[in-house]
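For reference, the structures are reproduced in the following blocks.
Each of the next two complexes has chain A plus one other chain: chain B in the first, chain C in the second.
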Partner chain A sequence: MKKGIGIPGDGDVPILTAENLSKSFGPVKALDLVSCRIGGSSIFGLIGSNGAGKSTFLRLAAGVYKPASGQMLYQGQPVYENAPAKQEIQFVSDQPFFHFDTLNKMSKFNRSLYLGWDQVLYEELLTIFPLGENDRLDRMSRGMQRQAAVLLAIACNPRLLLLDEAFDGLDPVMRQNLKRVLARQVADRQLTVLIASQNLRELEDFCDHVGLLHEGGLLFVEELDKLRLSIVKVQAAFPQPVTESRLGELGLDILQFRTRGSLIEILVRSSEEEINRVLEGLHPLLLDVLPLSLEEVFIYELSLKSYAVSDLLA
Partner chain B sequence: MVYPEINYQSSVPLYQQLKRSFHRLAALGLIKPNEQLPPVRQLAAELGINPNTVQKAYREMEQEKLIYAIPGKGNFLSDRDDNKELEKEEIRRNFRTAAHIAWLTGISSESLHGLLDDCIVENRGGTRTERQD
Partner chain C sequence: MMTAIPQSAPGLGWVFGKSFQRMRSLMLLFSFLFLLAMPIALLIIGRDNYLTLVSSYNFLEPAFGEQSLNQVLWPLHIILALISLAAVAVLASTGFRTFYLQNAVDRESSMPLGSSRLFLGRALALLAAFLFIFAVNAAATLAVFAGWGKIAHFLTYSAAYLKLFAATLELLAFCLVFLALSGTLFDAILTCLGIQFAWASSVLHILGMTNRLTDLETDILWLLSPAARLFISTFRPLSVWQSLIMIVFWTIVAWFFYKKRPAEYAGVRNGQLPWYPALQPFFVLWGGTLLGSFVHGLFAEEQSVLSSPVFYMGLAAGALLGQVVSTVVSGKQLRKTKMTKEILPVLAGLTLFALMTGLVCLCMAPAAQPW
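Take a look at the complex of A and B:
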């Protein structure tokens, strides 16, 4: 059994808990023994390529699917066929589907269905997202349909908002508007947002935690800033040649060591302060400590994982 | 209320950018001691960034004693004409590199001081034109 991954440091009750969650579609294992906890008032990014299991995870969280085995819990209770939980959960699919043909009719439908519906918020959102209330939804562009679906979901005032590729297809202005609205709801109403995307860039400046799904398995969950600052790139030059083993002796966890002429380029698992402290003892001629982009950290962590996996197989 | 500047393109984490920006605003006197900082929710909604990110920046600035929190009221800039320790540490690090290069390349102490004076003059010029805008 795989070990569960949680959000370190969060003492409060998680709003969403997956326990050894599995789901198959015929012979295809969409999710395989996924365990994780998602804390309240968090903006959680679920990253993965096509077919990694993101949408399946979201649909299980929304109670659309029933787990094949394991559990998906909303505040400690199974989500599937749990009407009170579904009052507090909103799911925006990557392919929005509307029961009625205009926003106006949809808003009335949602108002009759969801106790948390906030008409004032709905009308305010209409001023932020320029959508005609009586325009035909099926004649709107894909981006506008997404805006409509997100708007309807937020106005239900959910505790948990599940967004499948929500930022994709939005122009930069709308994207920023959506971020501002979500930020406000998280701060004011303790909203928790779970966003799935295949694009790390979309999420890296907005989420506080990220989980990486790969072929139905959750490879890791980590606080984003911790992840980003865990590995740094250092460019340095020293008056005397410095070897990799020398740096290791000084206590640095060197992940990669490259020399370019007299310039040394290394990846180190350490904080910037620690590196400065250690390397300044060697009187560097040049010392630049650069934060890694999240993408670089991910690529590195992933290469580590697959390396570990092939190790196990051999 | 003064808002910090954020560069969404930068690879520097947003909470660090927020911290640096507040440090600078404080150093420039654009936020006065005991002045209230924007509330977390307001800043997050205004800039479109995660409230937890803002919270984290505020928590660290509190630990660094740049700001203090009054429960239920908000966050305020500390009264601190004393230290600027963080700023000095950053400057010291840059000076150390400069001094080391000078030593290796045989540039004299006098020349180094001269270069620093040049930089100060240059920077003042730059600040002045900036403020005229």
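Take a look at the complex of A and C:
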């Protein structure tokens, strides 16, 4: 369970590599032997239960924390205390911090600090995110502060952008704006985004890959489309009673089987085509094959780990 | 396989500039307070009053201890020492306050700057701020004395002023150690002040027990209380070289702890940090000397302290009490703590007491002056 798995991304050199990464806070193990590789020009969603270690993973990726053991590598080099690597990494934590009180001053601060600062992009982003350059940042709402932090981070033209709960506090329009901006940066500038969030619905239509952290271990790393299509929910009714074992004999990998009167609800690890092909042979009166939402996949995977969610899928 | 990453541009100068920029207004405020305490105060007193007041004393008057102070400059100098104390606490905590907020630590630790560069840039900005404050005040005071045709008074006073500056920097460097070690700003200030107060108080008790005060050799006893040195420098001839060595020493210690400081210290109470047991012997020392001296004064005043059993009983009880207090302050539940863990700091504190007392007895001068 603790071992990291999967090799997402299509770049030859992963932009970020975690090798047997562990981090503890006193007796609490926040991350335990996590291994994964994140390829370039992609959007990677990091999901997980509360206290799973998502923020810790991001802080290790940003070089804030020193790994207790293992390594966090940016383009093959350790991130911790690596100033040149940090020139290309931007981390927006869940509570942004600003050294100066206005966006204007902060832009000057970042301009003097980051070699990749793009003034044209900054001005363009200001037209997308309606923030006053001379308004006091500490008097802005949480959502506006987050917009300011993300805007400043993107204008630094990083290669790796780490976002912790980036959509929290943003209104729906701004959320879409942010997604569009990030998608464009990924396409045009080979940006890689690693985003940790509890809001799975936000990640669903946005990420290329997702990784699920639970109790400090990485349960899986998967391409989102493959993940959603690999497990489907089926609602069906048949003229004769059908049992779980009967469906198993037909070659279906049944993960969960429930009946409600004559209606059967099953979770199957298989493709939609395969399920249709198998179940059509039983002449169903009703057959609905539904892909699972990311939230349902999340709940299902955690239920396998005895997390208290087993009934939520019903 | 590695790919090339461009070298980072911002250097020490960048950190220095930004840090200095952030403490500029406070630096100006303390410069004004310095001016108010010395040259403006002198102008308010007036040349004639000044000369009348100092006419019956000269700079060699031993009643003032430090030879470069006279009757007027002595209280003004003490006020400068008090303002210096406040300036160290305020400016140092302003320069390093971002240590204690998780979001600030997230931001700063992810910036393309090494921790050594961040530390040195900030420390240099603090040094520059104090240089500015002291230099502006010196220039203004010199101007006042020059206007009065008494430049010699300023030149004589400058020795005490330089010692105050050195003692201020020593205190600053000492504070940086605790700022680098602590999890919250409140704890950093409290620990820094607490350790100095406990140390100075214990030293005074131990010196009082021997009823002797030696000369320069016992200055070593004040090393853990640079705040006291701000004021001692007014009364006693202290070596500027000793201060310089201690400034370098504490700065290196602070830099070491800053470099080793994990980001996860942010917001954690000192009592929960792994170095806290090293602090507990100071609670023991303080509690022991305080209670020991108290019960001795109460029940066996006529007897010599070091040969008084009552004192040692009070010392032992106070040591245990000090340890209990230190554990309670750390937020740990007494019933959950192990006896062996509690005894070790007590033994360390008592050893410290024995060493200090031994040192004082060794250094006793035959004709030492009472404090």
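Observations, loosely collected:
Keep this in mind: the second predicted complex is superposed on the first by the 294 of 314 C-alpha atoms of A that agree within 3 Å, B and C clash if a C-alpha of one lies under 4 Å from a C-alpha of the other, contacts with A are read in each partner's own complex, and residues count from 1 in each chain.
Here is the rule we use: a residue touches a chain if its C-beta (ideal position, glycine included) is under 8 Å from a C-beta of that chain, and two chains touch if they have at least 3 such contacts.
Everything numeric here is computed off the predicted structure, so don't read it as measured data.
Aligning the shared chain A places chain B and chain C next to each other free of steric conflict. In the superposition on chain A, A:276 makes contact with chain B only, while chain C stays out of contact range. When the two structures are aligned on the shared chain, A:28 is found in touch with neither chain B nor chain C. Of the two partner chains placed around the shared chain by superposition, chain C is the only one that A:99 touches, whereas chain B remains out of contact.
Within the superposed three-chain model, A:87 lies in touch with chain C and out of touch with chain B [touch as defined at top]. The vertex angle at chain A, taken between the C-alpha centres of chain B and chain C once both structures are aligned on chain A, is 160 degrees to the nearest 10. In the superposition on chain A, A:114 contacts chain C only, with no contact to chain B.
In the superposition on chain A, A:291 makes contact with chain B only, not with chain C. Judged by the touch definition given at the top, the superposed model places A:65 against chain C, while chain B stays out of reach. In the superposition on chain A, contact of A:76 is made with chain C only, not with chain B.
Once the two complexes are laid over each other on the shared chain, residue contacts for A:299 go to neither chain B nor chain C. Superposition on chain A leaves chain B and chain C with their closest Cα atoms 24 Å from each other.
Shared interface residues of chain A (contacting chain B in one complex, chain C in the other): none. On chain C, the positions that touch chain A within their shared complex are 1-3, 5-10, 14, 18, 22, 98, 101-107, 109-115, 117, 262-264, 272. The part of chain A that touches chain B in the complex is made up of residues 41-43, 176-177, 179-181, 183-184, 186-188, 205-208, 225, 228-229, 239, 276, 280, 283-287, 290-293. In the complex of the two chains, the chain A residues touching chain C come out as 12-13, 25-26, 59, 62-66, 74-77, 81, 83-91, 93, 95-97, 99, 109, 112-115. Residues of chain B that touch chain A in their complex: 8, 11-15, 40-41, 44-53, 56, 93, 96-97, 100-101, 104.
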